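Down below are the structures I want you to see.
Two complexes come next, and they have one chain in common, subunit A, joined by subunit B in the first and subunit C in the second.
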Partner chain A sequence: MATASAPVPHTGIAGLIRGLQRRPAVGKLLLLAVVAAVLVPIVHARWASGAWPDALTVDLSGPLGSASEWIIDNRDSHPLFLYFFGHISNAVTLSVRAVYLALLAVGWAGVTAAAGLIAWRVAGVRLALTTAVAFLVCGLLGMWVPTMQTLALMVVAVVASVVLGALLGLAAGLSDRMYRALRPVLDTMQVLPAFAYLLPVVLVFGIGVPAAVLATVVYAAPPMARLTALGLRGADEGVMEAVDSLGATARQRLLTARLPLARKELLLGLNQTIMMALSMAVIASVIGAGGLGDRVYQALASVDVGAALAAGIPIVLLAVVLDRTTGAAGERIGASEPDQGALPGGRGWTAAAAVTVVVALAGRFADRLEWPDAWTVAIAEPVNNAVGWMTDHLYTGVPLVGGTADWAGHFTTWVLDPVRDGLQWLPWWSVLLIVAALAWLIGTWRTALTAVLAMAAIGVLGVWKPSLDTLSQVLAAVAVTLVLGVATGIAAARSARVDRMLRPVLDVFQTMPQFVYLIPVVALFGVGRAPAVAAAVVYALPAVVRITAQGLRQVDPGALESARSLGATSGQQLRQVQLPLARSALLLAVNQGVVLVLAVVIIGGLVGGGALGYDVVFGLAQGDLATGLVAGAAIVCLGLMLDRVTQPTERHAKKGA
Partner chain B sequence: MSTTVAAPVATQTPADAPVFSVDGLWKVFGPKAERVPADPELAALSPAELRQRTGCNAAVRDVSFDVRKGEVFVVMGLSGSGKSTLVRCLTRLIEPTYGKIAIEGEDVLGMDKSRLRELRRRRAAMVFQHFGLLPHRSVLDNVAYGLEIQGVGKAERRAKAEEVVAKVGLEGMEQRRPGQLSGGQQQRVGLARALAVDPEVLLFDEPFSALDPLIRRDMQEEVIRLHREEGRTMVFITHDLNEALRLGDRIALMRDGRIVQLGTPEEIVGSPADDYVREFVRDVPREQVMTVRTAMRPAAADEAGHGPAVAPEATVSEAIEAVARSGCPARVMDDGRCVGVVDSEALLEVVAGTGEHGEGQVDEPGRPAAPAPGEGVA
Partner chain C sequence: MRVRKRVMGAVAAGCALVVLSGCGAADMTKEASPFANAQGAKTVTLSMQSWVGAQANVAVAKYLLEHELGYRVDTVQVDEVPAWDALSQGRVDAILEDWGHPEQEKRYVEEKKTITNGGDLGVTGHIGWFVPTYFAEQHPDVTDWKNLNKYADELRTPESGGKGQLLDGSPSYVTNDKALVENLDLDFQVVFAGSEAAQITQIKQFAKQQKPFLTYWYEPQWLFEKVPMTEVKLPAYKEGCDADPEKVACAYPHTPLQKYLNTDFAKTGGEAAEFLKNFKWTTEDQNEVSLMIADQKMSAEEAAKKWVEGHESTWKAWLPK
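Now for the complex of A and B:
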């Protein structure tokens, strides 16, 4: 990039040309400037307005509205629904119901025992205890039934996602053409905010459990597919050649070599799929998923932080337990150690199953299937009191530092409003130009083209203004995230102590579903745009910190050593060696930060974030699917644009958001 | 030399079909690769010109050789010389572009899928530079893998695998995973896996390049021992000249996809075909490769009766020792008959590389040379 190369003074035209050759970035910008100089006057003469000109919009609400009405009218009669979607819907409802009833029939003791024993088998004693305690806490908080509802939905969704993802991944892993076709789709699906998936499924299936499960499957299957394909394609070529040289058939190759070699990626895929399914299962409460997410949603709607927390804690516990268990399974397999547990292989599983059955039967005979009411701890009340006290004492007027609500207010007034107004004041074509310039400088002309088209699509959809509102929140949140995240990342990379302290915190924060971040920010900042931004910052921060720290730590130690040997101060080392060499990691951090922030800013529509997220929620609440769908499409475009603008030339393996 | 020395050599009868017979083999990578061997003009181009003209890369260029039953045939060359591609062409792990390959007279390139699979399963097994072991299987299951692919029952293949594991000296490690073994041990597993299927010919693709020098030496001795015990035909790829000289009955030296010289170690060292080979073998300790047969001169009448006796296959360094000890020229005795003498002058010429012995000697093709004292001659 131009800013990274050393400043060389040039004089005269020859110098300028030489300078251009040396700095392709300047060349790109000049080319863009020429294009702009030709196009802008023409465009400006025809559609002179700051916002996207009406003449260039296509109003989709009419056709979309009639389409949704047609679907609602024909849902019970049209053969497409009767014989296809209807069957899917029924199958999903039935299986969720069946799993739910099974979980209830096993009883709380049985479920806790089963969960603990599974964790013991795949991850060891410590995690088994953690798991059992986590389930008991869910019960204690009076959330046993919602937890089981969420779990039932999760089980069905995860099984479907894994099957679907593995099949797609298998196809993409074995066929190059399939891979080329699927990869961009999967890449794109992974950067889209969860909210964008809700409306299309609601359009077809209506609000309810089937829609929630299907949205979850669509959201959670891509990482499984991606990682399966990646694992299959990444099989050690030397091993595969050796297998070939022994005369293996295609089937033997796949079953005895390629699949086992990809076990690590498959388990990582399972882990990411489960985490994303949980995240989505919670968010899908706005389209009728029920369970824990619904409790949080209802509580947030009435700003009842205590109730939201009571439902939010089980979500976090579920997330941590699921993540650690599947993660430990992956590590154990990767360690290439033969199974040396106390009870190896099949015998251990048999023992676990036997204990589960005994516990479940005991619960049944003791007539203790349901969690006893007497054993619950109502935390909503004390939490609400605490929040009330906080509202009274910390919201505003604290001497010197002000209050949290004051901060939120200031942030809105001094940062969010100016950014939003500035963006909306900019002529629409200049926004497109800026997008093109940024995307082209960081990535390639392809990414620039996609980004500009996506941004233009937003204008065409007629949601230019709310999209820029969302964009302003994203930009503000990303700026804060990057400042905090990179600073923390540098600290973690430079000090092993900071790193050790941060690691468990980051681990927990990275596993939590997006939805639960809304609870504390509402408690602290009330509702509005500032809390949405705060939640986004908190959600995106861990990933940025981690990527930055990792990037800095992976800088070639030889380069660092030679800088030290020349007597560079640690500041010089950081500025002149580490940061430049970690450039690709930093870009990745920006990319991830943007994608993650967008996801939460959109969800922020639930707590007064307004803009596109609100349109989606409004569309769902009012049954006005057209508005919601247009907003959803705009979210897709915005996500695409932001991802492409910040996309470094080569893509790295990423964590599932 | 061959005209003067007629040693009876019986390791090879003309009726024996060679294990592998390669004729005019080409492997060209790149767009429309098949036109290169077909077009004499393109075929004559140098690699750089070819790449420029056609965008193709000829890894193997018009290579012909026979691998005889029971011999260790070494293909040696620097990286990029096409030797690894060549060995993969033998079992069509890489599909050759042009030419003929026959295994015991049977056309390899004409084989259908199942026939080819059969070839890979039972007739030719390969040992790889980076071992190619399955990390999720135990040593025993890795060794038994080839048999599993063939569909051999579990008990039988385990028994066979155990036997082979013992043969390569890995007893007690049957249940370990490859990741827990050292590089040398891993390669023993690779070797055992190839041996377990009892192939007619073993193909080695730079098997010891990734190992430490000491372990490499151990493994070379292991291969020499196996060859002595079983007499299995081996094709051995290496970039290490010393390894080639130690192991090879015959060596094909490759450069830019062509074989620049094919002969016994003694021929390669003693009479390099061109400057490239000469440069290549310059630092080889000649006295350990050259045999007395090449250094000797006809005995004068008075010399045939006394002096220490050495065999024609003895290395020059052995003869030096004998001459130095006795102080007079040594007689070269073959079947109790004096076929010539070597004096200190002739021996020194070999060591210095100044003698004319090198040019055009030994051309009896089948005669196994004695490159290293350890190997011995039957």
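Now for the complex of A and C:
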């Protein structure tokens, strides 16, 4: 193909350059090959070893160990702790406590009414009912108090994230220099697994709610900052000029034009911040967040899937309700319709507040503030029976297809082992070269450079081998996720019914805390890397399915129509029109898949995934910062590398589409 | 430009507010959980470790504190070493079952004196290597470590590659297994399950298939009642033989499990502190409760209630006079 379509071959260097300009990929590869040809022999002569050479590593265990000793010894006396961290910690504790006591004082009826009424004002009657039912279900499951604890923690964490994120976003939105400085940082923070954030916070604040809240804020603030900056920068030039010509001051410009114009992005930021905070609230139970996450974590310890699910369902419900409410608010603003309905604007809010107060007072006087014990439904036992039946019958020896344990065994022996051994067998410089080549082909030389540096940093930290082990799990899981996800996505894009059936399932799996399905996964696949991969697939699948389906659906109908009129079969349409046109969406699906899979493969350390995930868990469990922080840093680098390697630049994406 | 100045001004004002709001020192090491003492109740916070035996201690202590002494009990799940940290800071009032952490004991009990020993729990703990009894009956010589290599082939799994699998548990537990495998020259690969939950699930699955396995495990543990296991004899334990973690080549010791209390709580905790100091039961008692929780899937509270109803004479002695 390539040679046939090429015009008369040019001669000389000019021709070569022109040829390369037409095919930048080949040019990039050639350049890289030249660089490699020069560098590799030198590097190989000096440090000839398969794995990363010891001479190029830095051992951080000494300094990190003494840093942690110092902190423990000085935590109750040094001014830095007494006058700075101490106040932060205090403020967090006080605010969480205030919110928690307020929620308890309002009582279950009051909280349910308030939540339902807020949803009604923001998003309408249907969502109001959903919200109220969701809160009642939390109570029915016997999880009222933990739900309130999580809610209190979430309120504080989300408010702090939004304030911090909005301030950063404001700075980045108004100043170009800030924007350039912050953007790569924020982009990166968004792809890091939550687990990597835990240790540094624990180091300073110790186990407990303050550490959990702060880890959540660090994790959840970046999307707010990012979207605020984007919203402010995307303000319509024409409107801004009009405002300018009216002689508005800078402050007026910001308050009356820029911020209102960015409302949609601001709300999207709020939405993302809430969702990330909620997912972190569970992970943070490892460092003592309490609440629902802690219940899930405790149930995990006694291998009680039913109890874990009972605590997981409220999390899913909270997530769905919060997501829909903020989403509906965003849409409403987008449509910019004036309030219709019986009670417009302020009066509606007044009515809502009044009803809440009445309900709360009624609860107080009826002495029904606490959720009545008699009104709980025990779901743990039936769930456990179901899971028990499933694992008994599917584990092994199923006729024809074999049991799940057999699959896991084959998967480990035939896929995971070869990939891991292959990666670890490759000379270290060739791994760097492959990373560079991939990142450069898909992105720009900047992304390639970042990816290579991140990979090299892993080597310098001295965790080359476990990182490649983790990488092999990620690659295997991504491959499985993409095969399943794209297939399901195609099905969902082609049939509205499949799409409708899938949507609630995807919602649940996307928001269900991973801790809930870790145990059934072990019961099905045994201990090891296979269950870690399985859990990662479950977690990453929804996003991949969604993005694929959306990408396919957005394909220009005109192109499809013309293909159909040319007599293309439905399969041909898919292969030759839809998939190529949805290329950028598919690339995005790969990118998202990689990022999500990495996050769970790390948690897979809890079920025998080993490698970096185990090191982080070990560091947290033993208070061994040297191991934990180094592994955390390696995860950060790995995440950075994977993101950059799969990240199509905007320019490139435009070209492809 | 003016906008930026204003933004900076706002940020500065915010910082000033934070600084002013709390003039003076704030010792975050003396800070209780925000969920403690809600609605005027007297609260005790207990550290809930991840294994079920420890949950049984906490369940019974919690039940009695709540129903006999009128306290409200919060539990926090933390791993062992961080729990010492939390105990020293008073975020947790007591740890009811400690398997021995010499480094932390030295730092917190002897040097900082922020933690006080609360006496024996009454249960003796022992870590070891175990094979299922059905396997040990078929192959009696497997219970000596010298013969383990003979069985390496049978104990292989996909995860352990070409070697036999030694299943290890949670990263928070005390283990010398990697060094032991190395120093005893065993053809085994240590596979870390990463959590006790995963380890138990795997053991149960093996037992259902009647497959052989070799695992790191500990007594007292309720799982023995479900999956009978026999200990593999390792070279005998001698005082100090595990001093150098790299060179360990001997069995694990028998440890009388200890309770630890936050020092302030031990002094001012009133009835709750006295009760927790008196708390002492036997391995059988603990196993009874553990089994109810982990195997019959009773809630911890129900299990504790059932035990309390049947053992009045035991717990009456714990109540403050």
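By our rule, the second predicted complex is superposed on the first by the 555 of 657 C-alpha atoms of A that agree within 3 Å, B and C clash if a C-alpha of one lies under 4 Å from a C-alpha of the other, contacts with A are read in each partner's own complex, and residues count from 1 in each chain.
Going forward, a contact is a pair of C-beta atoms (placed from the backbone, for glycine too) under 8 Å apart; a residue touches a chain by one contact, two chains touch by 3 or more.
Because the structure is predicted, anything quoted here is derived from the model rather than measured.
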Partner chain in contact with A:L475 - subunit B first, subunit C second, else both or neither: neither
First, second, both or neither for A:L141, with subunit B first and subunit C second: neither
Touch count on subunit A, higher of subunit B and subunit C: C
Which of subunit B and subunit C A:A211 touches, first, second, both or neither: neither
Which of subunit B and subunit C A:A91 touches, first, second, both or neither: second
Contacts of A:V460 with subunit B and subunit C, given as first, second, both or neither: neither
Partner chain(s) touched by A:T249 [first = subunit B, second = subunit C, both, neither]: both
Partner chain in contact with A:V577 - subunit B first, subunit C second, else both or neither: neither
Subunit B versus subunit C as contact partner of A:A171, first or second or both or neither: second
Residues on subunit A lying within both footprints (that of subunit B and that of subunit C): 249
Residue numbers on subunit C that touch subunit A, as the complex places them: 1-4, 6-7, 11, 18-19, 21-22, 25-35, 38-39, 48, 50-52, 55, 75-83, 85-86, 89, 91, 107, 157-159, 161, 167, 170-172, 191-202, 205, 208-209, 293-294, 297, 299
Subunit A to subunit C touching residues, read off their complex: 72, 75-76, 79, 81-83, 85-87, 89-91, 93-94, 96-97, 100-101, 104, 149, 152, 167, 170-171, 174-175, 202, 205-210, 249-251, 253-254, 285, 287-288, 290, 294, 297-298, 300-304, 306-307, 380-381, 384, 391-392, 395-396, 405, 408-410, 412-413, 417, 518-519, 522-523, 526-531, 604-610, 613-614, 617-618, 620-623
Footprint of subunit B on subunit A - complex, ascending: 236, 238-239, 241-249, 252, 256-257, 260-261, 263, 333, 336-338
Subunit A partner contacts - residues on subunit B that touch it in the complex: 91, 93, 116-122, 125-126, 128-138, 145-146, 148-150, 175, 177-180, 190, 193, 197, 203
